[in-house]
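One structure is given below, represented as structure tokens, and several questions about it will come after.
Which chain is which? They are A, B, C, D, E and F, in the order written, and residues in each are numbered from 1.
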């Protein structure tokens, strides 16, 4: 099992969800995040003083998947999130040692889906 | 060491904290998250137009624990979070390579607690 | 590759960013979190009733780095975040199996930076 | 006497220039009525004050519901008052305390109930100039009273917030504002039996605030506390989601109170209205100060919500007596009110009566205190005994009616939302809508 | 007859005591003018109402921009109205319906356009006592009208929100408020050709609200919908970020409406103003009720934003007739308005006309309905035909001017922000500033 | 002459019908007093304006504290003004500019200090009709002035926000509002030495705003900047947490200013009050416009907070002269004020004077400018020299008193919170309470 973490542009979330649903990846967790990366920030001015903002609003998606789904999931995220512009974001893949469904106590692959 | 990530129903947080404290797991980090899973969403209407909301408010708990505590922690979370209803949530367990306490520089197991 | 997760005091974020930038670690993701740890909470009173708050506002930083950068990054975070007071926070290091840059599809080390 | 005569004639001439287009009586009515119109507007905005205060002191998952209730109650209150409320409250009882009137009527005047018919329409041979001795028109009269009416139900709304079913609450409001409030109001302001006995309630510490407070108490009892408020022996504070909203609410209420009390003079009488302004203002200020000091002492840290409630406490407290007490008495009344609210809130909590916004302490307790205060600080106006009688009579009637109503609704449409709905919030449950879209908010309570 | 004579003299004496420091006429003017001043203040605060309502019903990433627009439009409106608006709207046309005046002027009075010069300055031999038959001063006259002017542009602001370029909008406002609105206003309130023909629009259902509404329609058409509002065949609701703000806005608008309608009596005439208060209030309340009931039926869950829009609908609807209709007619007008708004919003969505705040339904549709309602409920005042003529004339003129203006701006400075800016939000794009610093907010829409 | 006599008699008869129940003088007082009462209410709501503006422009972790301070200061101001302020400000100095009065008093009238005793009570043989030539009652007089008093301290509150200790600030307010402000006020409005010398300050550009501004400056100097505001050579903007709150604040202040300036006419004189309305309004609008344009030019993107400050700048600027300048002068005054605020804010930042809300630029600088403007645009009213004298005198006195007070408090109770408390926020530190419960907010600043 893998735990896939993706940072995407906020306005791409719906597209990504769409792409994942089509691939039957229907479970995920989403949070907001501020991201700093290649994408340059923007300039804010407040009451005469300026400031460079380089922490941009991003969406963080966390998806636990079983091995067979890893690539599908990654492809789906990319297809939904890619605009070709800097700031599209990143996908991180980490090992998932175990997964438990609280309601039933199921563990492992059965619990992921 | 393991890093345990749990998604639970918001209103179960206090119960989960309680359960963890009893097991002397007193360190954790909590964030809000939107979750999409088996639990069906709900229908919102806004100014005549309807929309299906399937990203539900959840609480994300992150706990780093030493091996001996892994099972205790998982059990505690379950005991606090389980209602038997769909949407109770999931627990994800990942490997924790290292842990450092910023204040002291301690590393490994000593730093976790 | 490693995925470094750090919890720090909110007001130390700028210092940490500074320290990271100096070490050319310019990519990161930041979220807010509530943390419970050694640091004692504070007492709130609301309309005559008191309550102990032990979930304190923290900042969660997530940084994916290539092996050579791991220690540098950790040191930078510590140098920026340490005040010597309880509550300075923790750094967690986990394995990063893979990393993909959505925009280009690059993977592995190339994608991290 | 020639010059005099001449001057008389000259004056006559000059005066005549206007005699044909406007008379002193007309101007007098204008001056009075304009103030009453302003008062109407001020009392109107109090409803925004209630809406913001109540939503500010509750959780963000119930905000839409609270705003909705306050908007709905206002509309219901105004329409039902036009339909029947006004004529229930002012059924044309004879002023039993006016000797001649009684003589003519041949009655000691002990009216308990009356109804002057459906809808609103000026009386036979209506002449604005004489309708209220040139103080206001029929329409002003109706609307000023109508704005008051909705207030009573709004007071209930805050206390039962975060768990009451929308439909149940709206039905309650229709009956409470449309019938209960005006009927009981007629006892005093409609020249009913309590008026005859000399009960004094200037602007409604009892007729409006206690009546609403008793209704709130009934609701709180029937509904029970919110999930998670009382766990085991201890009280778990459920914090309001936006204190700026709460502060806006209190300032708007204070603002509107100048119309609530100032308008209750029922004319622009300069001395009377301005005196009422001073007593009202200083009582509110005194309420704030004691609330601040007490909460500083009691919980070591000064509580903003208590300071704000202190202002309302002072305002409710002085409402019954603003026209008859001295400045110093007004300050004392306000100080006591501030203390009452500080001890009232935890008291109700100890009694497991869950009142999210403190309506019971502010409107019920201070309403009672303010009414009795008339007997203490202005005994020449009304004896303590008669004031007590009024408090008891209104308390018994209002509480009984409200309790009955809530029970009836409980066994019929139901008045409490499901546990699941309460947890996810009434905004999504009752309205399928969120108050703060996009904001990331902890819903752990 | 001696006593009489004596009394006459005595009265003369007593009266004389004041004759030297104040006359009845002066007091009369004071009483009237004070009410008009209050009305000015009330109409002023409506601009805060618009600002909060519009920002509450849109996304947090565009809040700064909306607040900025509303502040800017107010300033622009006031200054341009002083510069030329007032003298464009009141160019001194002769009251063509006043037989004698026409006779003197020897004209049937069918004025279409006039301009009395730049800047504001009281007329030759100005005497406050006679300027408006002792109802208000020149300065009151100007300011009351000036406060109205900015409203028309503010109505547009809401409908074009979240995608219009700041510069483009401000330029539009200058022309629309500075020239279009006052010019068209002169047709009726300036004693122009529609006034001559007996068109009745008490406080501006058409002159202010429809005119603004038509401008909004033109803007919405030229701009096109916001990204993500209409995807494929379906409508994706884009939720407002703060319903408390929206509620504050509606209550403040209702509050200000008492000055908008009440002040339009143009004197403190007690009977007239208080009657207007009642019709205005009950129509708003009726609008709320039908909006609540309809949205409950239609979408199974009562919609707060609809209840709020219902209040505005009722207010706009009764604005043309508040002075001439009966209480029951006012209620009916309000009820119909409430229904209009419920069906109007989805209607415009079906037409792919993206109006974030519902300005088209509230101001345009209900403005038209309210104007026609005069012909239905007060045919003695104005025939349905002439009301229809007015609606059509103002619609044609306002829509054409606005459409032309927007097109002109589109091909010159441009009126729509870049897609990128729309996605990140106009606050950062146009102002480099965020409305809620530090708050974690989902910007997925 | 018969007909004339007859008419005189007839008039006498008709007039007599009312002669017994109301006199022209009474109606006159009503008309005047009603306007003054409205002004009181308007000035009251300015305190909500300050509360929302200040909290909107600061961080969410200090919101409860700011709301608390504004509530507390209002209560303190009202009570201390009743206790001694009013009688310190109006100690009954003889109008030294009234030749006859001086003659009688046999003094050139150069009063510096006076005190008419504790508490408030109408003077001997008080008759509302004559108390202020039938313009307002004693109570109105007191309350209108009392509402002004609290303002001065509130101005300070904004500038010292986010770092000042609650106890220290409240103690400062007691002395500043209870003694310093009224004492200095007596120099001009109390017929003191500056009044004698012909200093002109209509509604308080200097007496209220500069005085408050100087107090703010003293506080800012003694306290030092907020942590993180000035790092090395550069200024790090600390953004306000809610611009909607800030906008609400400014609109409410503008709204209330109609009472602040309009009420300062001290009667409902139609021409005078309405003229003041126009100058006040257009100056504010002009301030907005120049602030918008300048900030657009200076920082390439128009700054909402500057546009809002521009409105306040225009209002403060015209406050000293609203009654005596022409419309065009008022616009110029407003324009200059708008420019002042744009350059003032960064100026103070360069001087490392950390003023979170811009009170120094708005109230201090524009207050000074407005006072001097009288000498420029209405030299016939007051020479530039005497205006300058007034500015200097008030500046010296107010700044010295405030500085002394703050130092005294610093070495006694202490005035700055600990670094730790400042970082976690004063809401938790001083009140153990959060303003936005449940909301996830970045506290990195």
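Criterion: contacts are C-beta pairs under 8 Å (C-beta built on N, C-alpha and C of every residue); 3 or more make two chains touch, one makes a residue touch a chain.
All of these numbers come straight from a predicted model, not from anything done at the bench.
Peer 1: So which one's got more C-beta contacts, A-E or B-C?
Peer 2: The comparison resolves to B-C.
Peer 1: Take the average of all CA coordinates in chain E, do the same for chain F, and state the distance between these two points in whole angstrom.
Peer 2: Taking the average C-alpha coordinate of chain E and of chain F, the gap between them is 31 Å.
Peer 1: Between chain A and chain B, what is the gap in Å from one C-alpha centre to the other?
Peer 2: 18
Peer 1: Would you mind pulling out the distance in Å between where the CA atoms of chain B average out and where those of chain E do?
Peer 2: Chain centroid spacing, chain B to chain E, equals 53 Å.
Peer 1: Going by the contact rule already set, what residues in chain F reach two or more other chains?
Peer 2: Touching at least two other chains: 8, 11-12, 15, 24, 27, 31, 34, 38, 239, 242, 248, 299-301, 303, 305, 432-434, 439-445.
Peer 1: Among the residues of chain B, which are close enough to touch at least two other chains?
Peer 2: As it turns out, chain B has residues touching two or more other chains at 31-32, 34, 44-46, 94-95.
Peer 1: How do the chains pair up in terms of touching? List each pair.
Peer 2: Every pair of chains meeting the touch criterion: A-B, A-C, A-E, A-F, B-C, B-D, B-E, C-D, C-F, D-E, D-F, E-F.
Peer 1: Give every residue of chain F touching chain C within the complex, in rising order.
Peer 2: Within the complex, chain F contacts chain C at residues 228, 423-424, 428, 432-434, 440-445.
Peer 1: What does chain D use to touch chain C in their complex?
Peer 2: Where chain D meets chain C, its residues are 235-237, 239, 295, 298-301, 303, 305-306, 342, 345-346, 349, 358, 442.
Peer 1: Can you check the complex and tell me which residues of chain A touch chain C?
Peer 2: 2, 5-8, 31-38, 55, 58, 60, 74, 77-78, 81-95
Peer 1: Can you check the complex and tell me which residues of chain C touch chain F?
Peer 2: Touching chain F from chain C are residues 10-11, 13-14, 32, 42-46, 57, 59.
Peer 1: Which residues of chain A touch chain F once you look at their complex with the stated criterion?
Peer 2: That would be residues 34, 44-51 of chain A.
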